[in-house]
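Chains here go by letter, A, B, C and D, matching the order in which they are written, and residues are numbered from 1 within each.
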Amino acid sequence: MLVKDAIVSNGTPNETFTLNLGPQHPATHGVLRVKMTMDGEYIVRAEPVCGYIHRMQEKMGENRTYAQFLPNTSRIDYLSAMTYTHGFVGAVERALKLQVPPRAEYMRVITSELNRISSHLVWWGAFLLDLGGFTPLLYAFDDREKILDLLEGITGSRLTYSYFRIGGLYNDVDDQFLKGTREFVTQMRPRLKMYRSLVTDNIILRKRLIDIGPVSPEMCRKYGATGPVIRGSGVPYDVRRVEPYSVYSEFDFVIPTFPETDSMARYLVRMEEMAQSLRIIEQALDKLPAGPVMAEKVPRVLKLPAGDYCYATEAARGRFAVRIVSDGKEIPYRVKLRTPSLSNLSLFEEASAGMLLPDALALMGSLDLVIPDIDR
Amino acid sequence: MNPPAPQPPSSVPQPPVAPAPAKPAVALAPKPAAPAQPPLPPAPPPPNPLAHLPLPFRGVDYKAKGYHCEAAVSPDQVVAAAELLDNEGLSLDTITGVDWMAEGQMEVVYDYFHPAKALRVVVRTRIPRDNPEIPTIHKVFPGANWHERETHDFFGVRFLGHPNLTPFLLPEDATYHPLRKDFTAC
Amino acid sequence: METPESNAQLLSDCAPYVKFAKLDEMLALGRANSLWPLTFGLACCAIEMMAAGASRFDISRFGAEVFRPSPRQADLMIVAGTVNKKMAAAVKTLYDQMPEPKWVIAMGNCAISGGPFVFPGQYAVVEGVDKLFPVDVFIPGCPPRPEALIEGLLKLEEKLTGKRRWPTVKPE
Amino acid sequence: MDDVLSGDLIYVFAFCLGGLAFAVGPFVVVHLLAERRTRQYAHKTEQFIECGMDPIGDAWIRYSAVYYLYALVFVAFAVDVLYLVPVALVYNRVKDFVIRDFVELVLFVGILSLVIIYAWKKGIFEWKRRKATPNS
C-alpha cells in the first residue's frame, strides 16, 4: 500500500489492529498463539488459541494398557513429570486397592519435590528471560543440572522419568542418591538467598511485577485456576494439604500464600515453594524407612473393576487430576487428564483486557504455562 | 489371579439405565446383582456433605473413588447444579465426556472441587448419542468455556448457548470427533 | 513429497551468480562456526535445547548460542518437538521466511518420525518433519541429551565444511 | 593557491565517493555473492513475519501520536550525540580552555535535556492515551 493510499484509508476513529503473538514466539515458551486486538500499546482483547501441540494423549489412553500409558504421563507436563506419573499410578492403585510400601511412598515424595524445584527453576529462568534479564537463566539451569544428575542416577533419564510403577517404584535408591540429595539441599539454600538478593529485591523486577495482572480469588475460583496462581491470590489451596495423598500428611511444611493477587505475589509463592520443598525433602530423607519398593502381589494383567476413579496431585503448576473410567477390561475405557495450565490460562483473556502489551507478557509468564499441558 | 476386591456397597458402578427413556431416571438405579461371595456387613454409608442441596447427592467413599459425593442429574438440571455449587463456593475442575456407544448414550461428567475444604463433587448426566445436546454452564463458570469447546471437539456434544463453539484443540476446519468410539482416522 | 533430487535441483537454482573456490570454503567455515538457530521450541526437546544453551553444555563454544526469534535472522531451524497438523502450515511458513543458506536439524523422535505419538488411527501428528521440507541432520532421542544436540551441530558443521573439527567419540 | 583548493576538492570528492561506495557497496556484493532466492514450500517468503501465521488485517492504521513523539525524543538525543563526537576529539587538546570547554558542554547538554523534561510533563513516557479504550 503506497503512502498516498494510507492517507485516504477510511480508518475508523478507534482503529485497532490484530497482532498475532503466534505459535513461534519467545515469550510464549511453546506453541501458544494469542490473537491480540490492540489499540496502540494497549490490549483490547487477547484471545489465546491452543491446539498447536495437541498430541492425542487421551486418545492414546484408550488404546494401550495401564502400564503402557506410563511414558505418556511424563510427556504431558515434562517439567513436573513425576507428579503426573504419580497421579496416573495413584488412580490405578486406588482402583485396585494396592498397598504401596512406605519406602516407595517416601521416595515418590522426595523425587516429586526435587522435580518441583527443577520445574520452578526453569520457570524462574524463562520468566526473567521474558522480562529482559538473561543471567538468571544461566544461574537457574546451573542448579537444575545438579537435580537432573541426581534424578538421572536413579531413573536413567533427565526429563521424562516415568520412574513410578503401578504398585511402587522402578528400582530402589542407592545411597549415592541419598548423599547427593542431602548435599544438594545444603548447597541450594544459600543459592536461594542469593537469588533473593540478585533478582527478587531488584527494583526493576519489582517495578515490572508489582500491581501487574491482578487475579482476584473470585476469578480464580470461577476459572478453576489452581497452584501458585490461586495461592498468589491469598487462597491457601494445595492438593498436598487439602486432599493429602501419599505420605504428605506426615511432613510439616507451610503453604506459601500471598494476598496481593499480582504477578509479584505469584513470583514470591514459587520462590517460597522452592524453600518449602527443600524442607520436605529433608524431612523425607530423615524418615525414609527401609523395606521393599514394590507391592508384593501386583497382578500381571491389570483389570480395574468397572467404574470411574479419580486421583489428584499437586503439580508444579497446580492441581493435576486423572479420571480413569474402566469397564473391567485391561485397557481403560476413558482416561481424562485435568491439567492445571488449561485453567490457569483460561483467565488470561479476562485478566489482560486493557493492559499494556509488555505487562500482559509479564502476567502470562507469571502464570507459568507449559503448552503441551494445555493441548495434551 | 484373585478376583478384584468386592465393591463396597456404597460406590454404585455405572447405573445400567434403561435405554428407552430419553430422560434418565433421576432416582437411584435398582441395586446391581449381588457380588459373588456374601456381601460384607454394609459399611456405614459415607457422610453426604451436600445433603442440604435439593439435588440427589450421595456420599461416596473417598478412599475408593477419589471424590466425596456424586449426583446423577438430568441434562436440563446441569445449570441448576452449577449454580447451587457456585453458591456453595466450589470451583469447576473439568468437564469429561464419556462415549457409552454400547448403550447409545453420551455421558458428560462435571467435576467440582472446593478451594478451602476437602470436597470433591461429581455431577453426571446422560444424553442420547445421536443428538448430544446439553445447556452450557459458562455463564455460571466462565472457566467451562474451554472445557466445553474441548468436549465438543472430542465427542461432538453440542453445548446450547455456548458463545464460540469452534474447534479448540483440533484444526479450525476439523469436523471429525476423534474420541468417539466409532471414530476411524481421517 | 520432495525427493533428494528435487531438493538438490532447488538448491542449485538458488546458487549465487559468482562462485569462488577458496572463498566458498572460507565462507562455509564462517557459516559453520556461527550457526544462529531459530528459537523454535515445541515441546520437551525445547527444554533440552534450553539446557544445551545454558551454562553446563553451552553451545556458545560452537558459536550457536545466539537464538534468533525472527526467521529472517536465523540460518538454522532446530525443530525441537512434535509437529502436529495444525502447526504444519506455520512450520512451513517459517521455513520459507528464512533466507537461503538455511539448514534444518530434526531434534528428537517426534521431529524424525512422529516419535511416541504414532499409532494406527492417529489423527493429529505429522510423522516426521522431512515430510514438510528437507532436513539436514536427525538427532534421535526422546528427548535427546544436550550432548546429542551438540553432536548434531558438529555433524552439520561437518556437512558444511567437509572436515570434522572435533574428534569423534568412539562408544567403547 | 588553487592547488591547495584542488587538493581539498579532491579530498572532499574522495570522501563523498567513499561514502557512496560504503552505502552502495553491500548491495552489489550481496547481489553477486549471496544466494539468489530461498527454497520455499508454502510460497510465503515475501509475507510479513507474524510468528508463523498469516497477518490478520492491515497495519496501515492511524496510530496514536505517542509513538511519533517517542521517536522524536530519540532523534533529538541522537543529534545531540552527533555533535558531541567532534567535541570529544578536541576536548582537552588546549590546556587553558579546559573549564570553558566543560561549561560549554554542560550548557549544550543541559539545554537539550530540557527535551526530556518537556516530554516527561507531556506524559509521553507513560504512554498516556488520548481517550479511553475504544470499547471498554
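In this section, a residue touches a chain if its C-beta (ideal position, glycine included) is under 8 Å from a C-beta of that chain, and two chains touch if they have at least 3 such contacts.
Source: prediction; values computed, not measured.
Trainee: Give the chain pair, either A-B or C-D, that is connected by more C-beta contacts.
Mentor: The comparison resolves to A-B.
Trainee: Could you tell me the distance, in whole angstrom, between the mean C-alpha positions of chain B and chain D?
Mentor: 63
Trainee: Starting from the mean Cα coordinates of chain C and chain D, work out the distance between those two points in Å.
Mentor: Once rounded, the distance between the two centres reads 36 Å.
Trainee: Approximately how many whole Å separate the CA-defined centres of chain A and chain C?
Mentor: A distance of 29 Å separates the two centres.
Trainee: Among all residues of chain B, which ones touch two or more of the remaining chains?
Mentor: If we look for residues of chain B contacting two or more partner chains, we find 170-171, 178.
Trainee: Identify all positions of chain D at which a residue touches two or more other chains, and write them in rising order.
Mentor: Residues 51-53 of chain D each touch two or more of the other chains.
Trainee: When you check chain C against every other chain, which residues touch at least two of them?
Mentor: Residues 71, 86, 90, 94, 121-124.
Trainee: What's the complete list of touching chain pairs for this entry?
Mentor: Applying the touch rule to all chain pairs gives A-B, A-C, A-D, B-C, C-D.
Trainee: Enumerate the contact residues on chain A facing chain B in the complex.
Mentor: Touch residues, chain A against chain B: 50-51, 54, 56, 58-59, 62, 91, 94, 96-97, 217, 220-225, 230, 235, 237, 242-243, 297, 299-301, 303-312, 319, 321, 323, 325, 333-334, 336, 338, 342-343, 346-347, 350, 375-376.
Trainee: Taking the complex as given, what residues does chain A use to touch chain D?
Mentor: 1, 5-6, 9, 11, 14-18, 20-25, 33, 35, 39-42, 44, 353-354, 356
Trainee: Spell out the residues on chain C that touch chain A in their complex, using ranges where they run on.
Mentor: 38-44, 46-48, 50-51, 54-56, 67, 69, 71, 81-82, 84, 86-87, 90, 94, 116-117, 119, 121-125, 142-143, 145
Trainee: So in the complex, which bits of chain B are touching chain A?
Mentor: For chain B paired with chain A, touching residues are 1-2, 4-5, 7, 11, 13-14, 63-67, 89, 91-94, 96, 98-99, 109, 111, 113-118, 120, 122, 141-143, 145-147, 154, 167-171, 178-179.
Trainee: Show me the residue ranges of chain A that touch chain C in the complex, using the header's touch definition.
Mentor: 22-26, 29-31, 51-56, 59-60, 63-64, 71-72, 75, 78-79, 122, 125-126, 137-139, 141-142, 144-145, 148, 158-160, 371-372
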